[in-house]
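Two complexes are shown next, each including chain A; its partner changes from chain B in the first to chain C in the second.
So, the complex of A and B:
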C-alpha cells in the first residue's frame, strides 16, 4: 500500500512538471506579452520593463529560473496587479474556490448516489421517470443558466417573504454558499445519478445480492452492505475528474454570484497574459487536481479490496 | 416415516415477459423428510431453480408471480412469509447455496464477515461471538488456516474454497433444510466430489434435510435418497433413488438415462440423445408436455395431461402408459426400450 501511494505521488510530481512546462511554452507562444499595451509607451520603457521582469533573457533561461523559483515555492509577482505576490492571490482566493468546490462535490456525490439508488429501486416507475427527466436537464443545461435561474429564484423568494432568506450574491457565511454550490454541482450530480443508476441496476440482479437475500438479511442491510458499497465503485472512479471539472469550471458561477474565488483571477490572467499569475494558478490547480485524483485512487483501494493487491 | 419436514403442493409460478406469460412451474409437488436428501433432476429451463427460489421468496415480483400452491415447513405455510414460529425462514430455517460460488459472494466483504452476518442478524450474536463462530464453521467445512482465511476476500479464494465458504454461511444458523442449487456445476470434477462428500458429512452431523438440484445423474446416484424428475415445470416421476433408477417409469427418465455417458468396459452403446426440445412454456401443450418427444406417445397423450399414477408405494409417474386401459402398459420401459 505504501509503495503504491509513493508510486502514485511520484507520478503526480511528473504530471505537474509536465503541466508547468506545457503551460510555459504555450503561454510564450501566444503573440504579445504582459508588458505590451499602454504601459510600454516607448521602446525605452519597454526595454526597461523587460529587463526588470527578466523577459529579455532567452526562453530557456527564463524557464530554468521559473522552475527554480517554483521549487522554492515562489510563484513570483503579478504583472498586472501592482506589487501583488501570486502566492498571496492564491492564498487569499483559493480557500473560497475550494470551499465552494468541495461543497459542490459533496452535493453532487451525495445527491448522485441517493438519486441513482432511488431510480434503480423504482425502476420504470414514476420516481424513476421524474428523476431521469431532471437528470437530462441537469446534464444538458450549462451552469451559467442554472446560476442565473438560481439567482432569479432567490430574488423572488426573498421578495415574497419580505426578508432575505438566502443572499443573492456575495460571500462570507454559510448561507452565501448553499445556492452557488448547488448550481455548481448540478451537472455532476446529474451525471453521477445516471452512473449510479446503471451500476445499481446491474448489482440488484447480481448473484451475491440474491445470496444476501437467501441469508434472510433485512432489506436495508442488503441495500447498505451488499448493494451500495459495490454500486458506488464506478461513482468513486469518476469523482476525481468530477472534482477537476467542478473546481476549474467554477469561475462562471463565481462571476455570476460575485464570489471572490480564484477562478476569476485565472481567467483574467489568461486574458491579460499575466505570465506569473497564469503559471501560478495553472500549476497550483494542476497539482491540486493531481492530488485529488491520487486521493480518489487511494479511496477506491479502501472500498474495493481487489485494487489494493495489485 | 413421520410427517414430512417440508412439503410442496401444487406450486404454480409464472413470469411476465415481453413475449407473454411463461408458466415456468405448473403444479409441482414434493416432500422432503428430515435427514434425507431429495434430488430434483431435469434439464435446463424445466423449473428446478424457480421452484426452490419461489419457496425461498427469491423470485423478483414483478415480473414473477406465485399463482397457487403451498409450501409447508413442519406443517406451517412459508410461501409469502418471512418468519414462522418466530424464526426467519430464509437463512435460519432454510439455508441455500448456489451454482456459481465465484459470483455468489459479495466481493467487497471478507469471507468471515459474510459467514458471521446471518448469526448477527438472526441470532443476535455480538460481532466477536459471530466471528468466533464463523471461524469454527470454516474449520467445519475443512478450510485450512481459518483465522487467516476469514480475513480474506472472495477473490483470494479458489472456486472450491468459495463453495465451502458458501456452505459454511448457509449452515451457520443450523437450518433444518439446506437447498443446494447445482452446487457443483461450476467446479472442477475433482472438487465436485469433495463438495458432495462435505455436504453428505454435514448432513449426517446435523440431521438436516438436503434438497439437491442437479442435472447430473451421477450426482443423484451418489447423493440422493429420493428423486423428483422434472420436465417442463412438472414433476414427471418421483420416488426413491432405486425406484427411479432401476424401475424408471417415465419415458423421460429413461431418455435421460440413455443420454448419460457410461464407461462400463463391456458396453459399446452409442449415446442416445432425446430428440427435439422442451415445449414452449408460453403456451404449454394441452396434453403431456413430453408427448412430442416420447417414443411411446399415444393419442391420449396429446389430448389430456396425465395424472399421477402410483407404480409402487411412494413412487409415481405422470404417464398414461400406467393407466389401466393403456394398450402396452409400460412393459417396454423397464427393458430400456428407448427412443426408436
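So, the complex of A and C:
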C-alpha cells in the first residue's frame, strides 16, 4: 500500500513538472509580452522593465531560474499587480475558490446520490420521470445561465419580501455561499444523479441483493450495505476529477456573484499574458488536479475491498 | 415488533425512509461544512463583504462597486483607469481638477509657471493621513523614484518635460540632476526643458502625487500592495482592502479641505465587471450607482430611475499601416474605405451602447479650446456615407497600384465584444459596398499590441484615452516620432504643427495648430473614426454631487453627499 502510494506520488511529481515545462514553453511562444502596455514605452523604459523581471536573459536561463525558484516555492511577482507576490494571490484567493468548490461538490455528490437512488427506486414512475427531466436540464444548461437566473430570482425574492433573504452577490458570510455553490454544483449533480441511477438499477437486479433479501436481511441493511454502498462506487470515481474541475472552473460563477476566487485571476492572467501568474496558477491547479486523482484512487480501495491494492 | 417485509412495495417504503434520513444528514453535513469553512476563512482574512445598503443615511456612508481589483496603487507605476479611480479618492497632488473640470489648487495653495521655471507653495496644513506634514521633499522623492530606471515605470515619460528627466530615466544622468528641488519644506521648484503651456495639467496627473520617502522604504517594496502599505494625502484614506472583494474608504481627518468632504465613508462593496450582476445589485439597493447597457435602458426609464451620461474620454478608430509595401499606404484606397462606411450606423445600429457617439475627429467633444470646447471652435470636417464616391476612389486606387483585384485586407482587432461586432460591421460594409475581402485577425490585448508594434496588419481597430486635459494628448498621436503611432504615419506638415502646439505658450496659436492637425488627419485619411466612448448610468436619488469625467478618477465620490429620503421627490 505504501509502496503504491509512493509510486503514484512520484508519477504525480513528474506530471506536474511536465505541466510546468509545457506551460512555460507555450506561454513564451505566444506573440506579445507582459511588459508592453497600451502606452508604447521607449526602449529605455522597456529595458528597465525587462531587467526588473529577468526577461532580458535567454529563455533557457529564464527556465532554469524559474524551476529553481519554483522548487523553493517562490512563484515570483505578478506583472499586472507589480507589488504582489503570486504566492500571495494564490494564498488569498484559492481558499475562496476551494470553499466554493467543496460546497458545490458536496451539493453535487449528496444530491446526486439522493436523487439517483430515488429515481432507481421509483423507476418508470412519476418521481423518476420528473427528476430525470430536471437532470437533462441540469446537464444541458451551462452554469452561467443558472448563475444569472439564480441571481435574478434572488433580486425578485428580496424585493417581494422587502428584506434581504439572501445576498445577491458578494462573499464573506455563510449566506453568501449557498446560491453560488448550488449553481456551481448543478451540472455535476445532474450528471451524478444519472450515474447513480444506472448503477443502482444494475445492482437492484444483481444476485447478491436477491441472496441478501432471500436470507431475510432487514430491508434497511439490504438497501444501505448491499445496494447503496456498491452503487456509490462509480460516483466516487468521478468525484476526484469533479472536485478539481469544479474548483478550477468556477470562473463564471465567481464573476457573476462577485466572488474573489482564484478563477478570475487565472483567466485574467492568460488574457494579460501575466507570465508569473499564469505559471503559478497553472502549476498550482495542475498539482491540485493530480493530487485529487491520486486521492480518489486510494479512497476507492478503502470503499471497495475488492480493489484494495496489496 | 417489526413486520417482515416481503413485498417490493414495503421495500421501497423502507428505502425512501432511509433516503429521508440520508437527506437530513446531508443537509446537516453541508451546513456544518459551510460554517467550518467560513470559520476557517475568518482566520485567514479579516473582513467580509459588508451587507449594508446602497445609502446609509445614519452613518453617512454609501456603497458602490469597482469593475476590477485595482492592479496598482503605487502612483509611480500605476497606469490603469481603475487604480486611477481609487487613487483619485485617497490621494491628491499639487493641483487637481475641480467640478467644472478646471485646474485648481490641491496641496499647493498657489503656484507660478513662468518660462522654464515652475514654483509651487505647499499649504501649511497639507498632511498625510498619519498626521505628518507633507513636504516638498515628498514630491521630489516620488518624481525621482518614478524616473529611476530600476523602478521601470511605464508612465515615466509624463515627467519628460522636466529638465534632465528623460536622460535620468534612460540612465544617462544621475537622478539628482533632474530639475526638481525642494527649496524648503513648503516650496517646490521645477525646472523645465522648455516652456510648455499645459504643465499645470500634467501636475494634476496621478504620477505626480507625493510619496513619503520614510514610509515608502518601510514597506519593503510592497508600497501600495495593501491598505496599510500606503500613506494617504487625499480626501479619504483606505481602511480596508480585501483583494478582489471589497475596499473601504473613510474620511481623512487630516485632509486640508476636510470641511468640504461630506461623506464619512465609501464602501466599495463589490468588485465585478459583470454588468447584469451590477444591475441586480442596484435593484437590490446594494450599490448607489450603476452603468447601463442598451437592453437595460428601457427598463430603467420605465422605473423612472435617475439617469445621467458622461464621456469617459476615450476615442476609438481604425488606424492604417503606412509601412512601405502595404496597400493601406494608398490614399485613394483609404478614402474609398472612409466613404464606404457610416460611423453613425456603427454607433446607432451595431454597437447600440448608450452614451457612445460617432468619432468625427481624433479630438473628442469634451476637450477645451480657447473659450469654448475645441470642437465648437474648430468643427471637424464632415465625412459622408457615399458609396458611389467610394467606388470611384477604389478605381483610382486600383489604377495607381496597377491591380485589377484587391488581395484580402487584414483587419487586426481586439477580442472584446465591441471590437468583435465593429470589425464584423466593417467586414460586411466593405464587402458589400466595395467588394473588398476583409480578413479579421482577432487577438487578445497583448498580442494585438505586439502585432501593432511589429506592423503585422493593414488596418487595426485602435483607440486612445487622454492623460491630461489638453488637445495635445491626442494631437501628437500621429507625429512621426511618437511610439504610439504604430502605423508609422509620417507627415512633415503634421509634425510641424505638433511642434508648434508643444512649444507655443499662446493658447490661440496652439488651438489653431490643433485645428490644422485635425484637417490634415482628415485630408490624409489617417484614421477612420469609430466612436467616442461614453456611459449612461443610474444613481441613487439620495446621493448628490457625484462627478464622472474623462481624466483623473473616472467616477468621483469625493464631493458627494447624501440627502434625507424625505426630500427626494
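Here is the rule we use: the second predicted complex is superposed on the first by the 306 of 310 C-alpha atoms of A that agree within 3 Å, B and C clash if a C-alpha of one lies under 4 Å from a C-alpha of the other, contacts with A are read in each partner's own complex, and residues count from 1 in each chain.
Throughout what follows, a contact is a pair of C-beta atoms (placed from the backbone, for glycine too) under 8 Å apart; a residue touches a chain by one contact, two chains touch by 3 or more.
Keep in mind the model is a prediction, meaning the values are calculated, not measured.
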First, second, both or neither for A:158, with chain B first and chain C second: second
Which superposed partner A:21 touches (first chain B, second chain C, both, neither): neither
Of chain B and chain C, the chain that contacts the larger number of chain A residues: C
Which superposed partner A:11 touches (first chain B, second chain C, both, neither): neither
First (chain B), second (chain C), both or neither touched by A:218: both
Residues on chain A lying within both footprints (that of chain B and that of chain C): 213, 216, 218
Interface residues, chain A side, partner chain B - complex: 206-208, 210-218, 221, 225-226, 229-230, 303-306
Residue ranges of chain C touching chain A (in the complex, touch as defined): 2, 4-5, 10-12, 14-16, 18-19, 22-23, 26, 29-30, 33-35, 37-38, 40-41, 44-45, 47-51, 65, 68-69, 71-72, 74, 77, 79, 149-157, 169-171, 221-225, 229, 242-246, 269-274, 276-277, 280-281, 283-284, 286, 443-451, 453, 465, 482-484, 486
Parts of chain A lying in touch with chain C, wherever the complex brings them together: 30-34, 36-42, 44-45, 48-49, 51-52, 80-84, 89, 91-93, 95-96, 99, 102-103, 106-107, 110-111, 113-114, 117-118, 121-122, 148, 151-152, 154-155, 158-159, 164, 167-174, 176-178, 213, 216, 218-220, 222-224, 227, 255-261, 264-265, 268, 271-273
Interface residues, chain B side, partner chain A - complex: 56-58, 82, 88-92, 95-96, 98, 100, 103-109, 117-118, 121-122, 153, 155, 166, 169-170
